[in-house]
Amino acid sequence: MPDVLRDRAGVALGAGALALIAVVLIATGEKESLVIGVISGAAYGLLALGLVLIYKSSGVFNFAQGEFGTIAVYVLYLLHFEVPYGLALLGALVAAVVFGLLLERLVIRPLYDSSRVILLVATAGVALLAISVEIWFGDAQGKTIDRAFPTLDRFSILGVQVSDQRLLLLGVLATLAVVLALFFNRTNLGLAVIGASQEPTATELVGISVRRLSTFTWALAALLGGLAGVIAVPDSGGFTPGILTSAFLIPAFTAAVLGGMTSLPGAFLGGVIVGVIQAVATSAPLFDFIPGSAGTLVVFVVLVGVLAIRPQGLLGRAA
Amino acid sequence: MSVLEARNVSIRFGGVQAAREVSIAVGEWEIVGIIGPNGAGKTTTFNMITGFYTPNTGSIWYRGKDVTGLSVDERAALGMGRTFQNVGLVKGATVRQNLLTAQYLDAGYGLVPGTIGSPASFSVERRLNQRAEELAERLGLADLLDTQVAGLPYGTLKRVEIATVLATDPDVLLLDEPSSGMGPEEAHQLGDTLLDLRREFGLSIAMIEHHVPLVVRVCDYVYCLNFGEMLAEGLPEEVRNHPEVVTAYLGEDADPAAAALEGQLESLVEGS
Amino acid sequence: MATTIDRPVTEPEPEPEQGRQGDRPFRPSPLGWLARAVLALALAWLVFVFPLSQEGFEVQRFTTAVIYGIIGLSLNVLLGYVGQISLGHQAFVGIGAFTSAYMVSVQNQPFWVAVAAAAAVGGLQALVLGGASLRITGLYFALVTLSYGLVAEQNIFQVEELTGGGQGQAAPKPAGFETDWRYYYLCLAFLALVLWVDWRLMRSKGGRALLALQENPRVAATFGVNVRMLTLFAFVVSGVFAGLGGALLAHNDTFVSPEVWSFNLALVFVIMTVVGGLRNRAGVVIGSAFFALLPYLIDQIGFIEDAVAAIPAPRELTAELAPLVLGPLLLILTLVRAPGGIGQQIRPIQRWLGGHRFDLHDHGPKEVKVADVRA
């Protein structure tokens, strides 16, 4: 299986690059950036995973992916006053999945034959709709939510305090990495999703409904987006309407691009790489000359750089 | 000196050798036919000649100049005009718009003067429009000038395509299956048209064609490709009767059905 | 709007006007000409006279509507003619606005120099960003522009020298056009200029080649079109329009603040262009003006205000927020039900005004599915 081997080689390359960055950061005393970067990168990775899934299965760049997360955050916020936190979390994830299913049914499916650019415009429109409904039903003010696990100082990694919530994020990401890898390589449904993306006609011929798979993929992507939102946002302090679109979507896309838009492990790894680079840019004095948020600019440079120099991504294959 | 020459070009896609050491030459005022079964590498060779593919080895020469490194539009500017197997037209536009678009290089004015509407660009536009009408008239398309291309019958599309490629003011035409979708009668007319156009416009022509009678009637020289390699070349009659060519087209041991088909081919050729 | 949208888009049989023997060309009766003249005059009144009957502050809104027309045409060049989508157009417009304000307030240059500089900077930006993205297509370009929009918001607009810090940069109206209504006419003149350029672009070799390129790049190349050159050229045209629109916006509000150039605004720009109707000049301008005027319409027209207030929601839908909620809904409705947008719906009226028969089902040439720009 040369594809698998190439995938593994790519992952090894990415992991090697990451290890190198880690060593440099520890050596230069930027340990905090490393830990914070890995954690925020885990959230980007979660979101990027959904982007890659949808791109693989329907060729769409889903600009509403971030809003799967923001909707979940708002539902969590509203519910956690009323019901136990665990139940509120469940409700939030259900809301994200329902949103994903509605989007697939009402927007994506009717536009199935349109050009991909039109589909992209449609998902961006849905993102704006979600943001404005959040402003309308809530308000534009920032809000905060409690963490699922309030303890902040139980553990430390490399001398940096890591809250339980952040450990949860890392744990979820690691678990999902394994579960999804098994799912796509070992289960019939997982193989069917990949098959449908590569050979839709052949998949139909062997009796699998591509439409059902599309529904399933969107639901799964929405669940991943929702997870990213409900775990990462309570930990980051506060949130405003469209928080996952404004603060997470671009790094997540950059992560997906690093993984060549098609590699699931690449998306994970890309997320962590982007997270670390962003954290370093934000804290390292080297980048102080940049006006405003240095992290934003550096992510932009990484994105354009990867697209200009290696459009197939670090882990993707040349077309 | 030949107008256009492919010298020993080879190209490989993954594990498939699509063309191996193929050499083709088109002389001044010649009509050259390229035949061969489906998948023989005919269109691939065209794509290398016109610049869509770069050959792994070998080179493309145009009037004594090595053009292997030039892009498609640069080769078009030198005078290569090309049609496509599945009709190379802007289908959302009208016939007139296609004929105007094809005169891109002839327009003369720059992009900026055209966009700000310089007086010169207006007079050039009138000239281009006139030429579009002349070409449409010449190919019997005058009635269809303002009809959208999408929806025209296939045979008509092929004629529109030839008008369009003539509008690019070519020196050598590369036609990919110009008679596909045409009946014997139409194909016969197409032969007349090609012979006339060669005289009127001083063209050299290379064409990929399946319709053997047409090839035999209009071509001065014929190449036959099979599995990416040159099987035979020579005068049309020679190539058509070449035993390997007959085998390639009709299978190893010609069974009765194939023999009947061959007979049909013969009679078609004689009829033309 | 409501009456025009739910008609299913059925393709009429093509009915060429010419080329049919024995069919006399249609000529409207004198009464028909009169009716057309009345409608034309009414439209002219709406554009040239009506806005002046408004209070000064409201005239500014109409000016904004005119400028949005320019911005819509800018996006139309990218989205309609090239087939690339910019999700960071607010950055192009915003940088145009700040450039012009900076030239006038800090460099003490006259308005005309400032506007020219803004247009030039707009074109340059598009050239650089487009050049960097030439190897990638469609979907990735959207991503690059989205990211660029955020960079503009969070980095470029944090440069105090350019933006004047938190309180914004002053951008006074030019000499001779100090009053709101004079400035309104100035912007109309600029819109006319942009419309002229757009019209000539599409009627000359560049525009024809762009359409060919979008539908079939291989065919365009065999016509001798240099794909990269032409694409970059279209980017620059779009960037110049955007820079110009930004400069005009700045001087309309007489100051520019760094806060307004957000992702939401970029999306409103995209939506107004698509809802207006890609590749349709009149449609794009009407769609853009509609979105610019939506808050005004909600404020001024009683029954719309009542209808909006009647929507059951925990909080009232404000006139400022309404375009952000309504816009995406109209966008999706347009994409799913009437991809030609407003431009396609008004075509029968346009044709009628031009002296043709009124044909309700005339939606113009059939839209041929554009070759996919799958990245």
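For clarity, chains are labelled A, B and C in written order, and residue numbers in each chain start from 1.
Heads up, the rule we're going with is that a contact is a pair of C-beta atoms (placed from the backbone, for glycine too) under 8 Å apart; a residue touches a chain by one contact, two chains touch by 3 or more.
Keep in mind it's a predicted model, so treat the numbers as computed, not measured.
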item: Separation of subunit B from subunit A in steps, with touching chains one step apart; value: 2
item: Chain at maximum distance from subunit A, centres defined as averaged CA atoms; value: B
item: Closest chain to global C-alpha mean, per-chain Cα centroids; value: C
item: Of B-C and A-C, pair with higher C-beta contact tally; value: A-C
item: Centroid distance [mean C-alpha coordinates] between subunit B and subunit A, Å; value: 50
item: CA centroid of subunit A to CA centroid of subunit C, Å; value: 33
item: Distance between chain centroids, defined by C-alpha means - subunit B, subunit C (Å); value: 42
item: Of all residues in subunit C, the ones touching two or more other chains; value: 370
item: Sequence positions of subunit A contacting 2 or more other chains; value: none
item: Residue ranges of subunit C touching subunit A (in the complex, touch as defined); value: 79, 83-85, 87, 132-133, 135-136, 138-140, 142-144, 146-148, 150-151, 154-159, 262-264, 267-268, 270-271, 274, 313-315, 317, 321, 324-325, 327-329, 331-332, 335-336, 339, 369-370, 372-375
item: Contact set on subunit C toward subunit B in their complex; value: 14, 16-19, 196-197, 199-201, 203-209, 211-212, 215-216, 218-227, 229-230, 233, 237, 365-368, 370
item: Interface residues, subunit B side, partner subunit C - complex; value: 50-52, 71-73, 76-77, 80-82, 84, 88-94, 97, 100-105, 107, 109, 111, 114-117, 121, 125, 143-148, 150-151, 165, 168
item: In the complex with subunit C, residue positions of subunit A that touch it; value: 59, 61, 63, 106-107, 110-111, 113-118, 120-122, 124-129, 131-133, 135-137, 139, 242, 245-246, 249-250, 253-254, 257, 261, 290-294, 296-297, 299-300, 303-304, 307-308, 311
